[in-house]
Amino acid sequence: MSDTTQTGPVLAADGTPLKRSLQRALRREKLRALLLIAPLLIFVLVTFIAPIADMLFRSVENDIVADTLPKTVVALKSWDFHSGEAPGEAVFAALAADLQVAVEAKTHTRLGSRLNYEKTGISSLFRKSGRKVKKWDLASDAPFREKFIKIDKDWGDVDVWRVIQTYSGKYTNGYFLNAIDMEKGPNGPQWRDESQQIYLMLLKRTMFLSITITLSCLLLGYPVAWLLSNIPMRTSNLLMILVLLPFWTSLLVRTSAWKVLLQQQGVINDVLVWVGLVADDNRLVMINNQFGTIIAMTHILLPFMILPLFSVMRTIPPTYLRAAKSLGATNWTAFWRVYFPQSIPGIGAGSILVFILSIGYYITPELVGGTTGVFISNRIAYHISSSLNWGLGAALGSILLLLVLVLYWLYDRIVGIDNVKLG
Amino acid sequence: MPTATKEDGFVVFDHVQKSYDGEILVVKDLNLFIGQGEFLTMLGPSGSGKTTCLMMLAGFETATHGDILLGGKPINNIPPHKRGIGMVFQNYALFPHMTVAENLSFPLEVRGQGKSEREANVMKALDMVQMGEFGGRRPAQLSGGQQQRIALARALVFEPELVLMDEPLGALDKQLREHMQYEIKHIHERLGVTVVYVTHDQSEALTMSDRIAVFDDGIIQQLATPDDLYERPDNAFVAQFIGENNTLNGTVKAIKDGIATVDFGDGTLGEALAVNCAGVGSETTLSIRPERVDIGKESGPNAVPAKVLELIYLGDHIRCRMNVMGNDQFVVKVPNAAGHKHLVVGETTKVSWNSEDCRALD
Amino acid sequence: MKSTNLLLAASALALLAPAANAIELTFVSWGGAYSKSQQLAYNDPYMAAHPDVTIINDESSPEAVAKLRAMNEAGNITWDIVDVVAADAIRLCDEGLAMEIDFDKDLAAAPDGTPATEDFGDLLVSDCFIPEIVYSTTFGYRTDLVGDTPPTKVCDVFDLKKYPGKRSLEKRPINNMEWALLCDGVPKDEVYDVLATEAGQDRAFKKLDTIKDSVIWWSSGSDTPQLLADGEVIMGSTYNGRLFSLIEEKKQPVAMLWDAQVFDLDGFIIPAGLPDDRKQAALDYVRFATDTQRLADQAKYIAYGPARKSSAPLVGKHADLGIDMAPHMPTDPNNAKNTFLYNYEWWADYRDDLDAKFQAWLAK
């Protein structure tokens, strides 16, 4: 067919190789496409990628110790905590010099707060010492070792120095260890004291509750989506408004409404007592526990399940069911073998959406979850807004992110991510 | 040719009515008897009620009134999956998440057939439509014609006695459609199944059917064999709907020996078979097929003046549009035979017909 | 064409001109009744006296610490005066996020000339913190649900036999740990020493264990009043001002249990790193708002005690209810028979550790 003797590149009309000519033409197309998406790209980079990168960075960043106590960190290098003795005068002299600078810049208390996350008492140790060290004369007041220990005997504590030494690097895995209930012990990573272990348990619980919420959303949402996609457009639009209604009220109002309904003196219990199903002195506990969290979150996240389901189901023609029935399938077989497999993209999209949203929810669990229904996100919120331990918050967030990515990958492997249809 | 009656009809519609909203009847008093092994086509414009009838037969719609019988038993209360009726849908409705073989295997599976038996039956059905090599494909990987064959095979694989087809060729291009018409026809002949076929394409209906039921406005206008339908339409709608047709309006002057004499309004008279017209003095529509009209014969009982408006050369014949008695859409097919008179646009001549070829209808 | 442009520019300038001199102060507080009392006692009078000042209210105090840190990192501090509790102020001061105050110079002296440091006395718990009110976290109980002998001691909270039913406690270790130890027989002045040891912490948790199943844990100040009003709990801890409003304004069958109330402070900080003009404006406002009369005025609208000694005699009647406010102040001698002062220094050290333990204990 083609001339097999010709071996050189195919040439365009103007003599340039066709490939290059094509590339040039395509490059312009690509450039234009890039320009079109540029605003969104920049927006996403600034508001989404950058914060995530920042969070990942914060979870390992630890330059505060080296920045605040540069001389001390260097002097401390040669100290070995196995000696069982606090470091010698050289380190204390460096500390005095560093602290004087730090007090001037008012960064010593900040360092104290940072190290207090690792060892209780360091916060006041630095605050107290800062006040005293400010008045010292570096040249004439030496030696400092005894002076420091006089301010607070904790300066003679090997463990305090060990913590400073352990956290003197620019980067640390301490936050991540913390986030999985471990700590940097004298002999490498070790489990935290049992009375302080909480994050792994919370992580498991977050997973369990999120999966439960996703399943209950699916269970409740599937029939609704089915109904919506199988009734005339006008009626379905009306019902859709009802589905979306929760979006129009504030989250707090909705959650408070559940309180009124579910609490022991609440509407549901009152009705049950009135009907006689429940004894007045034995009212059901339906809130301030996992049950409350599941109920309230299911309600809040239900639309996120129904919408993708609906948009997928709407595209499944009713003829398939008819065809299946005409081929001899019962209603159930027709649904299960023919309709259900085709609705899987909607289930996938809805489940991923609900699961990821619920994994990061903290306001509702805080309000109705009591002690057993709170998520790991509640601890993240606490560390971000209250304890200011942003490093730990970032580490917990990174783990959560990783977990979501792993689940996403698993989903891709099992169901296939092409099988997700959001609309 | 089996002409079924209510007693021996394999499929019987007995005074069936259907209304969706309780106000308008979509199907008005339908009586239809289909014999075993018959290929019956329901033909009609959209909204004429033909698809509704099919759906009632399949069990997806319930009759508002009347009985539907299958093999002598009323099936009104039998759910679709127990009726054992094969069905081919307009858009094939092949299950997209299953392979071709799985699609075909599905009706056998729900009937509890064993695996090896299933595979043999599937293979047989695939071979029947010459698609034996496509068992492993997904429907989306097939062309429209191939999907059509698979849909056909799926409707037949469980060996139903009755197969319903709802405009199965509507989505195919013309050539493929014609090819498939013959193929379906042949399969029908080979298997001897009863087929109820719905279409709005009259040539399709004429090609394939044993009998055709022409639907309009919820009523069967005429139930007849293809040639009867074409040659002897009962009313103006059928005449108009089947094939090409010329109409002339006039008033009945006299009826004698089954021949009506009609006045076209200006005193010009013509004769036609009095098929479906009221008595003397009533309005009537004469219906003449274009190929039954002669041009240029000056004399005879039915020679009326005509003016040539347009000539279209079509190879084997010339299509001539004329103004005859005020109808400027009057078409005559002039055979392109040797020595035939050449017409000129604007020329005035006469057209004539045999009284037997012209039908005076409502 | 050109002349119209000039005209437009001129009129635009004319419109902008007054704005150039106006001062906008962003005032961050807690919202609700508390912000309203501040509006009436401080902001309205201040704006009346300084027509060029506009005070913009922001209700971000609950997350003030985190937001100030974020603003500081972004290098764009938009707040001028922030109302925070003392513990947050200490943290902000430690983090270098709040400005240090020269109390005697920056704050007004008492009417009799007593300098501010003396007038506020012990309540100056941080170099950055200007105290405003003394509030207390204490218990309220449903008078109709506790039987014939109403509770009188904080330890009645731990007595499930005598007072069966749910109680609400705050979802954090602070206060709860102290109360637990007090009711486990630890003398008041040894509480923090005991709590500093592992054994002491275990002891407190063990005491809390005895009522754990009957506790609803709250995280918002409005929870306990609501729970009491609904009859969900028979007693619960919250801020005394919330209970005052529940009892006196909403007339619910609830009474105060002042025993072992924990005093805490709320007041102002000025963010560090403000430009000089905004800093001066903020200082001027704070000087006005925390003078003797203004602090006393706030008590007309809410049942929190003024932080200045010199304000106490000036506390009058409630602005709407007309009742004497003095007996409802946590500092009133009748209420303050047995009190506890939040140990800021101690909690600053132990908060992170104990909070982790407390949350782990809660989740068990």
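Read from first to last, the chains carry the letters A, B and C; within each, the first residue is number 1.
In the analysis below, a contact is a pair of C-beta atoms (placed from the backbone, for glycine too) under 8 Å apart; a residue touches a chain by one contact, two chains touch by 3 or more.
Model, not experiment: these values are computed from the prediction.
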> Which chain's mean C-alpha position is nearest the mean C-alpha position of the whole protein set?
Replying inline: A
> Going by the average position of its CA atoms, which chain sits the greatest distance from chain A?
Replying inline: B
> Using the average of all C-alpha atoms in each chain as its centre, how far is it in Å between chain A and chain C?
Replying inline: 31
> Using mean CA coordinates as chain centres, what's the chain A-chain B distance in Å?
Replying inline: 66
> Centre to centre, by mean C-alpha position, how many angstrom separate chain B and chain C?
Replying inline: 87
>> Show me the residue ranges of chain A that touch chain B in the complex, using the header's touch definition.
In response: 317, 319-320, 322-331, 333-334, 337-338, 341-342
>> Quick check: in the complex, which residue numbers of chain A touch chain C?
In response: 105-107, 109-110, 112-113, 116-117, 120-124, 127, 195-198, 201-202, 205, 263-266, 288, 366-367, 370-372, 374, 379, 382, 384-390
> Within the complex, which stretch of chain B touches chain A?
Replying inline: 58-60, 79-87, 89-91, 93, 95-97, 106-107, 110-111, 154-155, 158, 164
>> Can you tell me which positions in chain C touch chain A when the two form their complex?
In response: 62-63, 65-66, 69, 91, 93-96, 166, 171, 202, 216-217, 219-220, 230-232, 345, 348-353, 355-357, 359-363
